[in-house]
Amino acid sequence: MNCIKIETTDLNLYYGNYHALKAVTMDIRADAVTALIGPSGCGKSTFLKTINRMNDLIQGVRITGRVCLDGEEIYAPGVDVTTLRRRVGMVFQQPNPFPMSIYDNIAYGPRVHGEKNKNRLDEIVERSLRRAAIWEETKDRLKKPAPGLSGGQQQRLCIARALAVEPEVLLLDEPTSALDPVSSLRIEELLLQLKKSYTIVIVTHNMQQAVRISDDTAFFLAGTVVEWGRTGQFFSRPRDRKTMDYIAGRYG
Amino acid sequence: MPRKIKDAVAYMVIYLAAFYSVLLLAGIIVYVFAKGFPVFDLPFFTTVSSVVKGTVGIAGNILNTVYIVVLTLLAAVPAGVGAAVWLNEYATPGRGVRLIEFATETLAGIPSIVFGLFGMMFFGTTLGFGYSILTGSLTLSLMILPLITRNTQEALRAVPDSYRNGAIGMGAGKWHMIRTILLPSAMPGIVTGILLAVGRIVGESAALLFTAGSGYLLPEAGSGFVSKIMESGGTLTIQMYLSLARAEYDTAFGIAAVLLCIVLAFNLLIKILTRNKFFAG
Amino acid sequence: MDIGIHGVRQTAHNTPQGRLGLSVTEKRSHTQRIETAAEAIFTLCACCMVFAVGSITLYMIANGIPAIYKLGAREILFSSVWKPTAADPSFGILYVILTSVAGTVLAIFLGVPVALLTAVFLTEAAPRPLAAVVRPAIELLAGIPSVVYGLLGMLVLNPLVYRLEQWVFRGSQTHQFTGGANLLSAVLVLAIMILPTVISVSETALRAVPEQLRASSMALGASRIQTIFQIILPAARPGIVTAVVLGVGRAVGEAMAVNLVSGGCVNVPLPFCSVRFLTTAIVSEMGYAEGLHRQALFTIGLVLFGFIMLVNILLHKILREEKG
């Protein structure tokens, strides 16, 4: 069965004076899909970003509490964030291919981490594109600019790009909200494939999506985790009144 | 007066004003070319003026201009781009940024004659470079620094944050991200800034008069090309000013025509560059 | 090992190094060093700006002060007799200062209206194809070197102004004819040279006026022209002020073109007098000046620098207000 990949304990996050995450304590299982749901501004994206320390980029952020990856505290002094982010990859809401060729997009991460061998890079590019189920569509145009792909293809490319550095965890921040329904479904299928070997955490606005693809679900409201657990139980027998209201569509 | 007539008069005045600018430009170009082109012949471009040989030529000045453009860019582009990168990517808003932005604004507002005075005293006297191409180039590099920085900053601002997040989220270091993503994306803007700067350098005179001097001879073959940097060298504009002062109007018009050709060419280049959307790779 | 019950934590871990055998606490010191070096270099570049402005200020002051110290502020700044090479030299630069002030003010009065109307043309009145001809023309005007303006001013404008001068002072016994090289010519050249700057900055300002203002004015039955002059221009005022201030900066600092068309005697700034500006005094005399004369020229440079800093600070204030 699955071990715990990430655990947070009493995690608080402040943007200046604004208390954005309040005492978040939860676990994320390895090789499973965890969905974070909740109304806009509830802190689910913020929580996601604490896992690979992307909040470091924002001015005036202060964090207390613990976030552990495989038992190692990631906010401890002496942590190398570049290594952390290599192990915990991220895919953003808007597909963001770099303005370079498809090949160079995928090879970007490995090159960042020091891979120079052409043959190995070729291998990584093909493997990553295959895993992200976009190899067939791109194998004949690897040298073409990536921004020329369609939105759905761009997002799968971004997933492939994230996979190219062999991460263990994949964070996805509403990866399908900018896409059409067909492209969204393809991404969902892809995630179900990927969870066999990756820990996946996905923020989504779409509850159906959470039901379809996730193993665990956590419900965020106003910076707190109201409830978290197995997706089946979460949706069929929620313990908290607020969760029930949200599932029934009584929140935004 | 009825409103309609008032409006019509106002329109007329507006059109006249616009027409005036165009007429002015057309007049300048036509007049300068009409007077300047007849001066053009091969010796004009390939020799230097000499009373003994009876030649009138600007070859030395063309070479000096190239020297000064290249040396100035070498000094100013790295510093200017670096400053823009710091302001846009590293700096946290506050006193430091405000100070540096104020300095950039101020530097952009200082007239070239003041740069000339400063260059003469600081690079010429204090550092002991005298009247030389090096003094002139260093002086001009201060002058074009804000131009480079501003254009780079604008270009960096236009790069979407998603690129930054994408690269950082993959574990790239900041400098790596800047080098591989930001600078290539900002390249057209940076190049535009450089082209504008070249235009300013080529047209500059007041800042060079007391810094680079007015030498017009070609360097001696061989090592002369290196030592030339420490020698006095007048650009095309300086030569044109001196020709005017000596009432050699034909030469002045010839140089003016050359300068206008350069200005036109660079404007065209910038137009082409800013029109094309740019994708690397 | 499982999350059996809601929200109840189990404790079980993989090995801390993960799949790649990389612990997050492992330092990649080489990369780290490059990153630190890069940041240091960029910071240094940014400091270059401050260093440049600082040392220019310092040098201008240090070199401009001695003459004031030796001659006294009254003698140099408020005396109008400039005879630097006479046996009993005199270094009064009052007329030089006044000439720069008068020349700039007049050039602004002549140039700004034309520039504003052109900006209005570009943003409000022009059909697209016409604007597409006028805008590049103005950009080109900005690129023309000032010596070229000087050349044309000298050989085209001066003769015309001379004719005007002959007509105005026909029969005059006392007027000293300038051959067209006088304040008027300089002002005309300056008025042209500030056009591109003022046009492009005010064009940006006009463009920034919200579309709703235009629409609601037109909807009230105002004509296009009324809308332009009563709504849009006032709304764009801060930007237009910026444009004018930038124009002042250009006019005060222009040296070469003015030097070629303005004559060169130190005189009261009257339209048909041969005059000397702050900038042209430096350009034409620095080449041969020595001793106290040279120091006096640096004082002129300092006065010029003072004017420019005034303009810069004003500009800075305006821009800050606009932002805030």
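For reference, chains read A, B and C in written order, and residue numbers begin at 1 within each chain.
Quick note on the criterion: contacts are C-beta pairs under 8 Å (C-beta built on N, C-alpha and C of every residue); 3 or more make two chains touch, one makes a residue touch a chain.
Owing to the predicted nature of the structure, the values given are computational and were not obtained by experimental measurement.
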Centroid comparison with chain B (C-alpha atoms), farthest chain:
A
Sorted by contact pairs, first entry is B-C
Need the CA-centroid distance for the pair chain B / chain C, whole Å please.
16
For chain A paired with chain B, centre-to-centre distance based on mean C-alpha positions, whole Å:
48
Centre to centre, by mean C-alpha position, how many angstrom separate chain A and chain C?
51
Give me the residue numbers in chain C that touch at least two other chains, ranges are fine.
31-32
Residues of chain A that contact two or more other chains, please.
82-84, 86
Where does chain B touch two or more other chains at once, residue-wise?
173, 176
The answer for chain B against chain C in the complex is residues 3, 6-7, 10-11, 13-18, 20-22, 24-26, 28, 31-32, 78-83, 85-87, 89-91, 99-100, 102-107, 109-115, 117-118, 120-122, 142, 145-146, 149, 173-176, 178, 199, 202-206, 209-210, 237, 240-241, 244, 249, 252-253, 256, 259-260, 263-264, 266-267, 271
Give every residue of chain C touching chain B within the complex, in rising order.
31-32, 34-35, 38-39, 41-50, 52-56, 59-60, 63, 113-115, 117-118, 120-122, 125-126, 130, 133-134, 136-141, 143-148, 150-152, 154-156, 192, 195, 199, 223-226, 228-229, 246, 249-250, 252-256, 260, 279, 282-283, 286-287, 298, 301, 304-305, 308-309, 311-312, 315-316, 319
Residue ranges of chain A touching chain B (in the complex, touch as defined)
52, 54, 57, 59, 81-86, 89-90, 92, 94, 96, 98-101, 104, 108-109, 111-113, 143, 145-147, 158, 161-162, 165
Contacting residues of chain A [partner chain C, same complex]
1-5, 7, 25-27, 29-30, 69-72, 74, 76, 78-80, 82-84, 86-87, 166, 168, 216, 227-230, 233-234, 239
Under the definition above, what is the set of chain B residues touching chain A in their complex?
92-93, 160, 162-173, 176, 180-181, 184-185, 278-281
